[in-house]
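What follows are several structures.
Heads up, the next two complexes both have chain A, just with different partners, chain B and then chain C.
Coming up: the complex of A and B.
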C-alpha cells in the first residue's frame, strides 16, 4: 500500500504525457507498421464520415454549409416520418432474409468442403471465390437478364417447358432483390464458415457417434456449436453488406423500389438535399453498427465456453 | 467367444493397412494391440468401433456380425488418443452426453453422472470446461464419459500418450484395476511394450497390417513366434545360423535342435548371457570376444561384445554393489545361462 502511494506521489512530477504514450504505442509496442493504413483510413474514411455526420446537423444550400444552423430537427424529422420507417424496415428484413438464405445455402457448402478430398476442395473454393472476380454490377445485370420480363431466361425457359403459362413477375420485387443479394453475398458467408468448420476435430464427431448419437444429432450437438464463430462472422458481414447495399435494390428492385441506401442516393445525388441524405446515411450506418454489434455479441455469448482456460 | 475379428482387410488408397487380421477375445479379457506406428493397430481398433468399415472380413460381437452396423448402434466405448472431449460442454455435460442422447430422465442423468465422476475422482470439476483441466483430468473425463454407458467393450487408442511418464505409470495401474473390476472386455492400442506388459491379459503384436503373435505377455517375451516379434519386444540378439542334420550350432560345441531346415535365426535374450574373465575357473565358454561398449544402468550393466566374424552380442549383467564393470576393450568369455531358453525361428529372407 505504501509503495503504491509513493509511486502515485512521484507520478505527479513525472506523469507520462499523452504524446509519450502515443510514442510508446507506435514505436515500443510495434504499431509502427500499421501507421500507413491508419493514416489512409483517417484521411479517406474517418474524416469523410465525420463530415457526413456533421452535415446531418447543418443546413447545406447549393453545396455551401450555412453557418449557425446547427439543429437536431433534421433527425427528428426523419424519425417522425412514417415513410422513413417503412423504408428502413424493408432494408432490415430484406437484409435478414438474405443473411438467413446465405447461411442456409452456405453451411452445407462449407460442410461439404471439409468432407471432400483435395481436388474437390480446390474446385469448390474456386467456384465460391470466382464470382468475386467479377463486379457486383455485372452480376446484378446478369440477374436482370435471367429474371426479367416475358423473354427473360427464366420465364422463357419455364414457359417453353410448359411449367407456367404466364410469365412470373419476379424482377422489380423484394424477391428479386433477395435472390440477387443472396447470390452475390454468398462467398462472404461460405469463407468464414469454411475457416470455422475446417478447424474442427473429426475425432469429436466419431466420439459423439460412439456415444450413441446419430449423425444428425452429432451435427447439431457437436458440429454446429463449435462453428458459431464462423456463423457469427458470416452473418455479420452478409447482413452489413445486404442492409447497406445500394446497387442490387437499385437494379433488381426497379424504379419505385426504396431502401435506406437508395434514399441516401436519392437525396444526395438526385434531390441534392445533402442534409436529409446525411441524416439517413448516419442512421443507416449507425443502425448497421448496432445490428452487427448485436450479432457478434450474441455469438460471443454462445461461445462463452471458449474463453475459459485452465487457471 | 465375445469379440471376434475374422480376416479383416482394409486399404486406404493404394496402401493396404490391414491384411487378414484375426483376433478372438473372451468376455472380460484385456488385450493390447502392440506395434510400431503405421502397423495398422489404430485402424483395427477403429474397425471394431465402426468408424472404419473393412473391405473384407467380419467383426463379430457376442455372436452378432456388426461389420456394417454404424458406431452409434454398437455397444462399444471408445477413448481417443486426443480424448476428443467436447470443448463447448462442461465436464458434467460431456459425461452426460451419452445419456442425453438416449433421452434419459434428468434425475437419472444427474445421479449417474455424479457416480461416474466419483469413479474417476473428478466430482469437484463437474462445472469446468475441458480446457480448464490438466491432461490427466481430461483423460479421466474421457473415461467417465464412456464408463457411464456401461459398454460391453472398451476400446482405448494410446490412452496414456499425452501424459507425463510418472502419471502414465499410475494411470496404467488404475485403469487395469478399474477395467477388471467393471469386467469390461477391453482392447487398447499402444506402441509402448511396458504399457502392454502392464495392462494386458494377452498381447497382440502387430507388424505391417497383420497380427504376428497373440499370447500372454511373458509368453510373447519368452517364445516369440517370429523374428519380428522377438525384435520388437525387449532387447534381443538374433544369430543367423544354418541347420545341419536337424541341429543348429550356436557356438563351438553348443548345439540346439531345430524344427526347420535351412537358414534360421536364434533368439538369445541379453539376460540369458553371462560375462566372465577368460581365466575364471569353472566356466564352460561358449564365445570369446572383446567388450566394445558398456552402458552402466545401475542395477544392471549392458555390454556389447564383439565376437569376430562381424557378430556381436548384447549382454545384460546383474551387477553386485560396488562391482566395477568390464572396461571397453577387455577380453571376455560369454556363456549361456540356459540353453533351453533360446528360440530357433526361420530366418526372414531379405532385409
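Coming up: the complex of A and C.
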C-alpha cells in the first residue's frame, strides 16, 4: 500500500458518495481481502443465529417453521418454569465457583512464570498449552477415571491414606463438575494472566520493597492492581466457557444432572422440541453476554479505582 | 524480567505468603499434568475394567483399537473434516488478517471484532444455529455441515494468530523490495510470506487440532452415519468402561504433546500467550 494511493483515496472519499467511498475502501484501502471471511460469517453465523432467535418465537416441527405462529408464549413458558430457574441457577453458581478456583490456582502459576528462568518458563508453558490442545473429551475422561467408582484413583488413595474407610461418591456430584471445569478451563485463565503479569513494570515492585513494604504487601498493593486486565480477561473467558459447557456436566454430573446448556442439548437432539431448545439457547447466549459484560465492566471499574488510588 | 530482585529480610507473613503461593501453583500444575499421566498409566492395565493402580503391562488395548472398525472409520472422517476446515480457515483468514492489519479504511477495528466474535460464542450455540439453518434450507446433517460449522468456530484462531504475527513484521523491508523493482507478488512470496510463515503454521495447527478435537459443534451437525472421532468417543465414554478409551486418549495426549513441542521449537509458545 503506497502512501500516495491512500492519500488520494482519502481525498477522493471526502467528496464522494457513500457508494464511491465503499468502492475506494474495497479497492484502494485494502478492505477487499476481508470480504470473503465477512461474507462467510454473515451467511454461516449471523443468519443461523437470527434463525435460532426466530425459532424461539415460532412453532417449529421437524425443522419446518409453522407460519403465522409468532408468539412470546415460549419465552414466558420457560421463564415461568421453576425448574428452568433452578437449572439456570446451578449453571451460574457452578460457573462462578469454577472461575474463582481457576483464578485462585492460575494466579500463582502465572506469577511464578514471571519469576522463573528460561527453562522453567518453557516447561510451564508446555504444561499449560499441552492440555489446551488435548481434546476436552479426553480430559473429562481422565477425571471420570480419577473420581469415579470404588476402584477410582481418588477413593483408593483416600482409603490407603486412612482418611476414609468407605469409598466416597464424588463422581456425579456438583463437586466433580466443578473440579472438571476448573482443570479443563485453567489454561484459559493462566494465559491472559501471564500476558498481563509479564507486561507489568518491575520497578514499581522494587520501589515498594525498598521503601520497606513486605513482599505480601507489595504483591497485593503493587502486583495485583497491575494485572487487573489479565484477571478480567481470564475470568470472562473461563466463566463463559464454564457457563455454556455441556460435555463436562454430562460426563461428570451423571444422568440426572441438569444445566442450562445440557437442557439445550436434550431439547434439540434427544427430545427434538426445537422451539424449547431455541428458547433456552437464546437465553443461554443472551445471559452469557450479560455476565461477560458485567465482568468486563467490573474489571474496568477496578482498574480505574486502583489508578485513582495510586495517583 | 531478568533483573535480579533485591534480597530483603523476610517477615513471617512473607514466608507464609510464599508457601501459599507455591502450594497453590503446585496443585495447579498437578491438576494440569496429573490426569494425563493417570490416563496413560491406565491404558497399559491388564484388567478388563478401569482401576487404579493399573496392574501388569499390556498393549492389548492399543491392539484393540486396530480391531475397532467404527473407531478407525471415525478417525478417517475426523482427519478429512479437520484438513478441509484448516484449508478453508487459511483461505478466508489469511487475506482477512492482511486486510485488518494493513488496510486503511474506516470501521477496521469493528470489522476485526466481528471476525473474531465467534470465539466468544459457545460452541454449542454455533452448532445448534447451524443445525437450524440447515433444517430451514432443507440441508441435512453431514460432513459438509460439520465442516461449515467448524470453520466458523476455528476462523477466529487463525485470524488472530496471523494478525499478531503480521503486526510484528517491519513493512520497510517490503517497501525496500518494491523500491528495488520487485513485483507485488515477488515481494509477497520472497519477503512477506517467509516472515509470516510461523503465524500461518501456528494458525493452521490450531485450526487442525480444534477441528479434530471438537465435540460441542460436531455433536449437533454430524450425521449419525459418519461420526467424527470426538463424537464417537463421547458416546463410547458413556457406555464402555473398558480401558480401550484410555488407550485412544493416551494416543491423543501424545499427539497434542508432539504438536506443542514442535510449536515450541519452531515458533515458540510465547506468541500464543494471549
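Here, the second predicted complex is superposed on the first by the 268 of 311 C-alpha atoms of A that agree within 3 Å, B and C clash if a C-alpha of one lies under 4 Å from a C-alpha of the other, contacts with A are read in each partner's own complex, and residues count from 1 in each chain.
Methods note: contacts are C-beta pairs under 8 Å (C-beta built on N, C-alpha and C of every residue); 3 or more make two chains touch, one makes a residue touch a chain.
Since this is a predicted model, take the numbers as computed values, not measurements.
J.: Based on the superposed arrangement, let me know which partner A:249 touches: chain B (first), chain C (second), both, or neither?
T.: A:249 sits against neither chain B nor chain C.
J.: Considering only touches as defined above, state whether A:211 meets chain B (first), chain C (second), both or neither.
T.: It touches chain B, and chain C stays clear.
J.: Is A:95 touching the first partner chain B, the second partner chain C, both, or neither of them?
T.: Neither partner.
J.: With both complexes overlaid on chain A, does A:305 touch chain B (first), chain C (second), both or neither?
T.: first
J.: In the overlaid three-chain picture, which partner chain does A:234 touch, first (chain B) or second (chain C), both, or neither?
T.: neither
J.: Looking at chain A, does chain C or chain B touch more of its residues?
T.: If we count touched residues of chain A for both partners, the winner is C.
J.: Thinking of the overlay built on chain A, is A:142 touched by chain B (first), by chain C (second), by both, or by neither?
T.: second
J.: Residues on chain A in contact with chain B in one complex and with chain C in the other?
T.: Shared contact residues on chain A: 206, 209-210, 214.
J.: Enumerate the contact residues on chain A facing chain B in the complex.
T.: 201, 203-204, 206-214, 217, 221-222, 225-226, 303, 305-306, 308-311
J.: Using the touch definition up top, name the residues of chain B that touch chain A in the complex.
T.: 46, 49-51, 70-72, 74, 76-78, 80, 82, 84-90, 97-98, 101-102, 128-129, 131-134, 145-146, 149
J.: So in the complex, which bits of chain C are touching chain A?
T.: 1, 3, 5-6, 8, 10-11, 13-14, 16-18, 20-22, 24-25, 27-29, 31-36, 38-39, 42, 49-53, 91-93, 95-96, 98-100, 102-106, 111, 114-115, 117-118, 120-126, 128-136, 148-149, 151-152, 155, 159, 209, 212-213, 215-216, 219-220, 230, 233-234, 237-238, 245-246, 248-249, 252-253, 256-257, 259-261, 263-264, 269-270, 272-274
J.: Quick one: in the complex, what on chain A touches chain C?
T.: For chain A paired with chain C, touching residues are 1, 6, 9-10, 25, 29-34, 36-38, 40-41, 44-45, 47-49, 51-52, 55, 62-65, 104-109, 111-112, 114-115, 122, 124-131, 133-146, 148-149, 151-153, 156, 182-183, 186-187, 190-192, 194-195, 198, 202, 206, 209-210, 214-216, 219, 233, 237, 240-241, 244-247, 250-251, 261, 264-265, 268-269, 274, 277-278, 281, 284-285, 288, 292.
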